[in-house]
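Let me give you the structure first, and then I'll get to my questions.
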Amino acid sequence: MVQLGANRYGKAEIRMVRVARGAGPGGSDVLRDWNVSTSLSGDLAGSHLTGDNSNVLATDSQKNRVYALAKELGAVEPETFALALAAFFTASQEPISRARVAIEQYGWNPVGSTGYSFARAGDLVRTTTVIHDAEAGTSVVSGLKDLIVMNTTASEFWGYPKDPYTTLPETKDRILATAVNAGWRFWPDTLDRMDWGAAFTTVKETILGTFAGTYSYSLQQMLYTIGSAIIAAVPEICEVRLTLPNKHHFIVDLTPFGLDNDREVYHADDRPYGLIEGSVLADWAPDPGLAWT
Amino acid sequence: MVQLGANRYGKAEIRMVRVARGAGPGGSDVLRDWNVSTSLSGDLAGSHLTGDNSNVLATDSQKNRVYALAKELGAVEPETFALALAAFFTASQEPISRARVAIEQYGWNPVGSTGYSFARAGDLVRTTTVIHDAEAGTSVVSGLKDLIVMNTTASEFWGYPKDPYTTLPETKDRILATAVNAGWRFWPDTLDRMDWGAAFTTVKETILGTFAGTYSYSLQQMLYTIGSAIIAAVPEICEVRLTLPNKHHFIVDLTPFGLDNDREVYHADDRPYGLIEGSVLADWAPDPGLAWT
Amino acid sequence: MVQLGANRYGKAEIRMVRVARGAGPGGSDVLRDWNVSTSLSGDLAGSHLTGDNSNVLATDSQKNRVYALAKELGAVEPETFALALAAFFTASQEPISRARVAIEQYGWNPVGSTGYSFARAGDLVRTTTVIHDAEAGTSVVSGLKDLIVMNTTASEFWGYPKDPYTTLPETKDRILATAVNAGWRFWPDTLDRMDWGAAFTTVKETILGTFAGTYSYSLQQMLYTIGSAIIAAVPEICEVRLTLPNKHHFIVDLTPFGLDNDREVYHADDRPYGLIEGSVLADWAPDPGLAWT
Amino acid sequence: MVQLGANRYGKAEIRMVRVARGAGPGGSDVLRDWNVSTSLSGDLAGSHLTGDNSNVLATDSQKNRVYALAKELGAVEPETFALALAAFFTASQEPISRARVAIEQYGWNPVGSTGYSFARAGDLVRTTTVIHDAEAGTSVVSGLKDLIVMNTTASEFWGYPKDPYTTLPETKDRILATAVNAGWRFWPDTLDRMDWGAAFTTVKETILGTFAGTYSYSLQQMLYTIGSAIIAAVPEICEVRLTLPNKHHFIVDLTPFGLDNDREVYHADDRPYGLIEGSVLADWAPDPGLAWT
């Protein structure tokens, strides 16, 4: 005999662009270019076991609510939007006890002085995931992904164990490059008073500044240093999780061609790549509960 | 003050092809075309906090061990390989208490009768994830992904709640299409005696047969029916997790052109899409522990 | 001073699925899962120079015609559809003198015996490109792409020039793997009488059979042998163009680990890759004109 | 009987990073992050017809030459590199009469003041394609791709023909968004004296400024205006080719929810999309010959 376990359903990747006309500096437009995904959980056994959909708010209705809420709220921060949307679903649908709203935000920079012309930034994707649960309360994990950074020096790697399969030479100088994928969880009691935009900017600048300012002996050390710096910079954050691929840049052996290669020519390899994942927590950080699910 | 939380590191996406020459029917070659990812955890605080790498087996060494083990084991099932590799890392590196090995396997079909000619199958990717933990023991989650299926009828969707944002009309006939992404966890006491290849084939055929044989009132119902059927077909499986995107096929309105459209012409939409996720468990299934991490 | 050069416009990637209910063997459904792109050329200077759109059939109208024509024609071969669609645009829009229609077809295999259940094939994408020009007439280039094949032996590479940058060792045995991307152009006088489906099947089988049956000294030789075999197998074809990436499989050096590697363990590399492109023509093949544009 | 037609072969996607240490402002490093592809043509019938590779410079040797040349030349402009590389192959390999070198350049911005820290720009990819032919001479086509721009207004579309398949309503205000993919060909007699970096910057700024500054009645008009402006801004350019997808942003109908939508909430659709392609030529521009092949 079997039973239904954890489940959720929703509408994924709603590509919504909200234009707030004239709402920016000097009467310029403000853009929100989002990819919104919703997920609902609750009393959904009927739909799974017998195909009774009486508790299943259609994913199409979820999508419609996204568009309508964007009209109502204007060009707000993604966290503000996600909090309102998650609360709406659980409040308006009695069988729904939990809602998850995830948003990716794509950046745009003004072009010229028209106020209505923009070019996509492309340097990173800003993210947020809000979970509102009738019992466990509300969590916010914000983040960014695909922020690609490189130090051309100031990175060593040595002192590691040499097992029978170790052929990697130690190095006192290598390129260190990674794509920063980061999420940061807020203390639950801060959600009402956060300036989400300011927090994002501070974290982004902290990541960049820490990456540039840290002499590295391992990507793990870089991960921990960045995580620690984020929590120091924004005390409302209680946990940071980082996923850092080691984008290998291998020095090319030019000696067959009679050339030296003093840290000048590298091959940027695709696969395989190192992958470093870790969490840094503020002391006394509360249990994450559902926040990262 | 901050502290280091959960962490792991390893080599991702080692693209290894193992040829077992003459090992197949009639002296044909056997291929294993794999994408292997390793992750190690344990006493790694030093690397994070001070850049002391004395406990950090280099990801390059992990990669080398993958190649060497492939030589030693031959063209085995991916679960067999992952079990051996995970056990190796924890046994040979004292500070490493946990290893995770994930493998994607790409299928190839013979071409002609040479015994050495193949064409890539492309219908799905077979997967497995093994976690070996010094305390928690060993788990195996096998699976498949990107198996795209469609029923052109035998699917209804109605009886859902109508909130102020509901505009979707009910339907007694629609296309049901999804990309099956499934993982199945084995009872811990079965790992020594499994025929992994046979289990995979049985599950795959169960998924296809159940999808084709189920009259659907919701994708949730399809999910639960497939999950139940898998556990019934392979009793060594204690849990199935499925992620099923609803690949919407919208009927095109041809009336402006004086044409009817009696379930003939559809637009296959990209985004947004419904996303249905759920788990089906055997009664008394043990807690998953780390199995899905 | 500047002038307008060659130009075209249209609707790209119309994802249309046509279901012909009961039209297949035993009353099963027949599917056409297509990605259709249209492009029109003609007297379009006004739109470019002054924004006068009086000659610009909207790309939305082009899309609508695709859906309506699919209703009218049923589940035909893609070439039949593209020929009819291209002729329609040039016949119905006086300023439009040329139409290009390109179709990708995704394959589906029946699942079970319901007649309405299918699984996507994934082994290749079938293609066709039809150009209908008021002056130059009509061309058909059909093809396939992403057909990935491998010979685990029967491939050598040696005898190449050794310049100061050559370090590659010669080999009498290597894996030969490629993704076949092929287009084949038909003699203009055959278009009225072709059995497009049969021709596609014959070409596909010829590619697979030739790849398996050819002992290779270079991928160039394989390209020419395949092209020649296609023209021999389907005399209505006057030209074949092939783009063959050399999907390198590098033997892994296991000697540091005390292991030999007698053609057993390979690394499947991503980039860079060799890329071999070439054309094979029937004697007296007519000039291609616009066919490949 | 068949014959060999046009053909070429080479190494594609050599991912090379050149670091010129201390060569930048204030002693900062200069980066060139490139994706280089080479193709050679010439007397290659032997390799195709008989597998005689005596004229086939291995693609591995081509790759090696890329790395060595990067060492020799330093962090030059991609056009400078491609010109030197193409000339090298034809000069050093007697049977090779034509070489094509294509480079994609990924941008990096400095982070902080270390001089060795960078973040990837992500706003566009810079490109160049050089062809050096023993008879036809040398051509340079530079360009950029994936520059995504949007005007939230100042775009109309009306006055187009209404055929039986036209349902699109005319509009006096829409979002105009596209991903600019542009190539620009230089007059042959300018290649010795170009400042490639300055030309690129001028063209990029011209594209952005023209896009923002043009009130649009069609994307075709925008294409022609951009192309004309580029030639006016950089007289050494004789032809511009643009491929502009119309990235549709559809206004969402919120009336079912009792809300108006005065150009505020849009759905960013994926497929299908309009696709506008065209060329703008300086008067008396020479025939392109092989430049765009």
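Letters A, B, C and D mark the chains as written, and numbering starts fresh at 1 in each.
Quick note on the criterion: a residue touches a chain if its C-beta (ideal position, glycine included) is under 8 Å from a C-beta of that chain, and two chains touch if they have at least 3 such contacts.
The structure displayed is predicted, hence computed values, not measured ones.
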Where chain C and chain D overlap in contact partners, by chain label: A, B
Taking each chain's C-alpha mean as its centre, the one farthest from chain B: D
Of A-B and B-C, whichever chain pair has more C-beta contact pairs: A-B
Chain B and chain C: spacing of chain centres that average the CA atoms, whole Å: 31
Rounded Å distance, chain A centre to chain C centre (Cα mean): 38
Mean-CA-position distance for chain B and chain A (Å): 24
Numbers and ranges of chain D residues touching at least 2 other chains: 15, 64, 68, 165, 167, 256-257, 270-271
Contact graph of the chains (line, ring, star, complete, other): complete
Residues of chain A defined as touching chain B within the complex: 1-15, 37, 39, 44, 47-65, 68, 92-93, 157-161, 163, 165-168, 216-221, 223-224, 227-228, 231-232, 239, 241, 245-246, 271-283
Footprint of chain B on chain C - complex, ascending: 15-21, 29, 31, 33, 64, 67-68, 70-72, 108, 111-112, 114, 116-124, 146-154, 175, 208-209, 211-213, 249, 252, 254, 256-257, 259, 261, 263-270
Touch list for chain B against partner chain D, complex: 164-165, 167, 256-257, 270-271
